[in-house]
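Each of the next two complexes has chain A plus one more chain, namely chain B in the first and chain C in the second.
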Partner chain A sequence: MVAMVDSPADVRPDGAEAPVLLAVQNVSLAFGGVKAISDISFDIREGEIRAIIGPNGAGKTSMLNVINGFYHPQEGTITFQGKVRRRMRPYEAARSGIARTFQNVALFRGMTTLDNIMSGRTLMMRKNFFWQALRLGPALNEEIEHRRRVEEIIDFLEIEHIRKTPVGKLPYGLQKRVELGRALAMEPRLLLLDEPMAGMNLEEKEDMSRFILDVNQQFGTTIALIEHDMGVVMDISDRVVVLDYGKKIGDGPPDVVRANQDVIDAYLGVPHE
Partner chain B sequence: MFYREAGQYKTSYAADMAVFPIRQDRIGIAVILAVAFVGIPLFASDFLLTSIMIPFLIFALATIGLNILTGYCGQLSLGTGAFMGVGAYACYKLTSYFPDTNILVWIVASGFFSAAVGVVFGLPSLRIKGFYLAVATLAAQFFLEWAFIRIPWLYNANASGAIEVASRTGFGITLTGPAAGALPRYFAVLAIVVVMTWIASNLLRGRIGRSFMMIRDMDIAAELIGVRPLHTKLLAFAVSSFYCGVAGAMMVFFWLGAAEPSAFSINLSFQILFMVILGGLGSLIGCFMGAAFIWILPVVIRMVPEVLGLSVEAATVEHVNFVIVGALIIAILIVEPHGLARMWQILKQKLRVWPFPY
Partner chain C sequence: METLYLVLIDPFVQMVQAPDFFLQVLWEGFVSGVLYALIALGFVLIFKASGVLNFAQGIMVVFAALSLVGLTALGVPALLSLVLCIGIMFVLAVGVERMVLRPLVNQPDIILFMATIGLTYFLIGLGELIFGGEPKTMVTEQLLLPTGSSDLDVMGGFLILQHIDIAAAVIAIVMVAALGFFFSKTRIGRALRAVADDHQAALSVGISLNQIWVIVWFAAGIVALVTGIMWGARSDVSFALQIVAFKALPVIILGGLTSIPGAIVGGLVIGIGEKLGEIYWGPLVGGGIESWLAYIIALAFLLVRPQGLFGERIIERI
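And then the complex of A and B:
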């Protein structure tokens, strides 16, 4: 029993024992006059599924953009794996193990499903230009080795049949799945999912929820999830942070957050003073 | 019916990743190579070699160069002609200083010079995209053309202002200059084009090609996966210009024999761009199709009056030529905006399911 505590999946549901993987401290972000995020702090613990919720325009996507270096906050710091930073480039975030999916699918439309997911392996492929040019020996072996890993992801997400299809031709639900596959191919420490179930029907949502839970439990990947469907959030997340107009109005386990009066007001649209 | 992969199972990822996973395609490419290396040399006239095959192959290589940049990496360039010029002038200077070195060495080495120039003029691509980048590369085109005219050192201060190719050898055979036969020149061009096409196909199918396409399709997502945009774009400029530079050097040394700066004008850039677009952006086979269409078709049309015994003025033939080729280009692009390569793919698909519609 004791040995199992190490496995991140087993620290749930309250996650109290797990160390902090990412800490957001007093972050503020403004676009000209628009304050997208004001003075927000929260943390994400290793191995948990952390939901970020809030009404439209609350600053959820902006928060993810800050975490993976796409926006640079005017104030505050981000601590990831013990390293404190103010600003960094997105590719540095990728290097340190942060992957994400986008609210509006951002796949490489001209490439096949397979190539899209292979692209997630880019940072792990090391063979230099000259080996690549010859595509013999080491370069070919590397390509095959990563192909094998990618095929595992394709099996896991049950998208074998669209392996060679250009993603531009896929229906929306499958595109979202391929995008998850691409993020998984990076083998991230922290996976940021921006509304992975938006625009899906019930069945697709159930599939996607299952994939997210499996990723979390089988690979021990820490997940930050933006989602509007409260049912899903309550079911799969360990802790929830609630944003409204760029401010944090709630933080805690799902049932606690659901009972919070501020949160109820925000969702029911009680006018702000 | 004739083109089916039924029964050809792939049992390894290596087999699935091959350039031509289908047996019929492998046979096809073997036949093409046999014709190119054996058939054509055995039967072709000097005219066919010098006026059709050699320029066709050289243009195909330049088209691959531009396609890597524009079709695969999504960076529009109008400087192709100038980058080809850099290759030609670099080769000219190198072989002037070292006349005894195998000319093939300098042909390939000149690619590095145009790669370096390409990287410099690719720097704006970090900030600007699309048409604005095209305008920046246009500046490269005009600046380099100016340099070819104004810097006498580049053409060894020849009175004519042109570079004239002297007699040079490779492996003991005279390959350039008036004394060089058509056959050795053809073999030199063919060998270089085949090897460089193979290398391009290797690069484009692996990590590097994928990172080019990632930048082309969605640069923001590419960056979040760990692709550095500037790095990748400059690499595309370098590889692309390398190909164009080698093509430019071959154009002067194995085909024209001499060239004035106007040989590398914006017209050449456009000609290569047409070949890329007509053949198909992002397709290597398309490069050969586009080059064949735009180079070989006019030559064939030019021969028609002669064959039919008509006496038409050369100028008239040229005009008719422009009209026919122009109209065909428009027609093809209306039918299939993705170019000849896509048409070929669709045709193959039709053959595969024939006699059923799908």
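And then the complex of A and C:
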């Protein structure tokens, strides 16, 4: 049943291709004897919204963890902005412009919304330790400038009213939004969203879809997202890669993927006779 | 009836009858409270950033003080050895990060706690090997710290203020304020709280765990050095000093493990509380209550407010 639909068969039909921002080549990842990802290759082009879908345990989150350096694959390479790496490290990933959100919201619970989003600017605050310690002169100006950018993000995500609320107290939907805000504060080239709409009601999902599209269009941010809501995936993504049991079983525009028999089998099951 | 009078009324009568003596007791309590707060601060810093209770904080105090005295004994000018000691604390911080924390990343907190116990015994051994076990005198004058005392006339009596106590209080207050400000208002402070809250999320925004750990252990080392100088100047520098560090445990229970203001208030409550208890209530049970009263206070507190006075309320969503 493993019919690998590999590039170059899955180029976009319009032929107008943006350059590749991130390419994953022949990546395999195992935890002891458990193969989480086997020999997967796909790419993410600049400016697109790329969905990664698949049943539970397909290796989607592991894939994101490989991309931003939490997991180190045993085989394969990751090419980001032309730089080929055997493995990514979280710090390098963050520095080179990869931001992410988590499946189970990972916020700094004791901090306010504002501080959480400010923490996304850690890497951009470069004034030295000395000024930081005194919080004078250059460091103070810098803090004010970053604060202004953060306020813009807060406006954009429409979370002004919870600016000073400790995030642990917020409802789940808003926490997800704050987490997106923190990732946006990093001004990323590539934004990885792990189930941005999990556990949301319809209205919240619509809001989140709108934010994702706006981020993509207004800031030109490339987005890779994992999502289970097929309606949302088919609506907002440019290309979809489908994983099942750690293998790639489909790759291409939503319409093509939807018609792919392997994908249908993976989601609906196959009769066993 | 007799007993009730002795416990509830008599101590206060004594306080009113000799107000100058009462003030003296308060002052002594205040000074040791400030110093407790300083030790507690060392614990709080590391707990905030890594969720680990650093058992080695006490021996770090001793080690820092011994290094300072040891270097000066070799003929190094005291102020220069102070600078060198800061360097030693930095090396220690880097060493701990490399050899203890990094290999144990992602292990349960209890494992890291055990590791700090190991670190304690390592430092005891290393300290005795290098400096020997006998008590030493702190180089107070060479460090330009004041000695001597002044008498202050108050309320028909007088108050004796040791200059070193005044200096200790001032230095400790400045230090606590500076660290509190640094860790709540700057980028590094935010990064530190971020690391304490969620390692993975902190990594994802590009915070380097290793760097943060070095910074907090270094800060805790500086705090240990200052504490060592101050306690050393009041008594002497010996391995017995590390026992004092355990007084910080009731302080942080009282103040909350994650709170810098909590460390200060907790320190003062314990310091003043145990002095008053010792002087006015101690005789009722034959004295000597100073050594355990703090723990009783902390225990009573745990029953009422387990997170401490200023600790973060643990919000669990179910």
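Quick notes on this structure:
By definition in this document, the second predicted complex is superposed on the first by the 254 of 273 C-alpha atoms of A that agree within 3 Å, B and C clash if a C-alpha of one lies under 4 Å from a C-alpha of the other, contacts with A are read in each partner's own complex, and residues count from 1 in each chain.
In this text, a residue touches a chain if its C-beta (ideal position, glycine included) is under 8 Å from a C-beta of that chain, and two chains touch if they have at least 3 such contacts.
In this text the structure is predicted, and so the values were computed from the model without any measurement.
For the composite obtained by overlaying on chain A, chain B and chain C cannot both be accommodated without a clash.
Contacts of A:Lys169 after superposition on the shared chain: chain C is touched, whereas chain B is not. Using the contact criterion defined above for the overlaid structures, shared-chain residue A:Ile212 touches neither chain B nor chain C, since it reaches no partner. Of the two partner chains placed around the shared chain by superposition, neither chain B nor chain C is touched by A:Ile40.
By the touch criterion defined above, A:Ile49 reaches neither chain B nor chain C.
Of the two partner chains, both chain B and chain C are touched by A:Asp115. Once the two complexes are overlaid on the shared chain, A:Ile226 sits clear of chain B and of chain C alike.
In the superposed model, A:Ala106 makes contact with both chain B and chain C. When the shared chain is aligned, chain B comes close enough to touch A:Arg147, but chain C does not.
Comparing the two complexes, residues 68, 70, 90-91, 94-95, 99-100, 102, 106-111, 115, 118-120, 122-123, 125, 129, 132-133, 135, 139, 143, 182, 186 of chain A contact chain B in one case and chain C in the other. The residues of chain B lying in touch with chain A in their complex are 12-14, 17, 199, 202-203, 205-208, 210-211, 213-214, 216-218, 220-228, 282. By the touch criterion stated above, chain A contacts chain B in their complex at residues 68, 70, 89-91, 93-95, 99-100, 102, 106-111, 115, 118-123, 125, 127, 129, 132-135, 139-140, 143-144, 147-148, 151, 182, 186. On the side of chain A, the complex with chain C involves touching residues 68, 70, 90-91, 94-95, 99-100, 102, 106-111, 115, 118-120, 122-123, 125, 129, 132-133, 135, 139, 143, 168-169, 182-183, 186.
In the complex of the two chains, the chain C residues touching chain A come out as 181-182, 185-188, 190-191, 193-194, 196-198, 200-208, 258, 312, 315.
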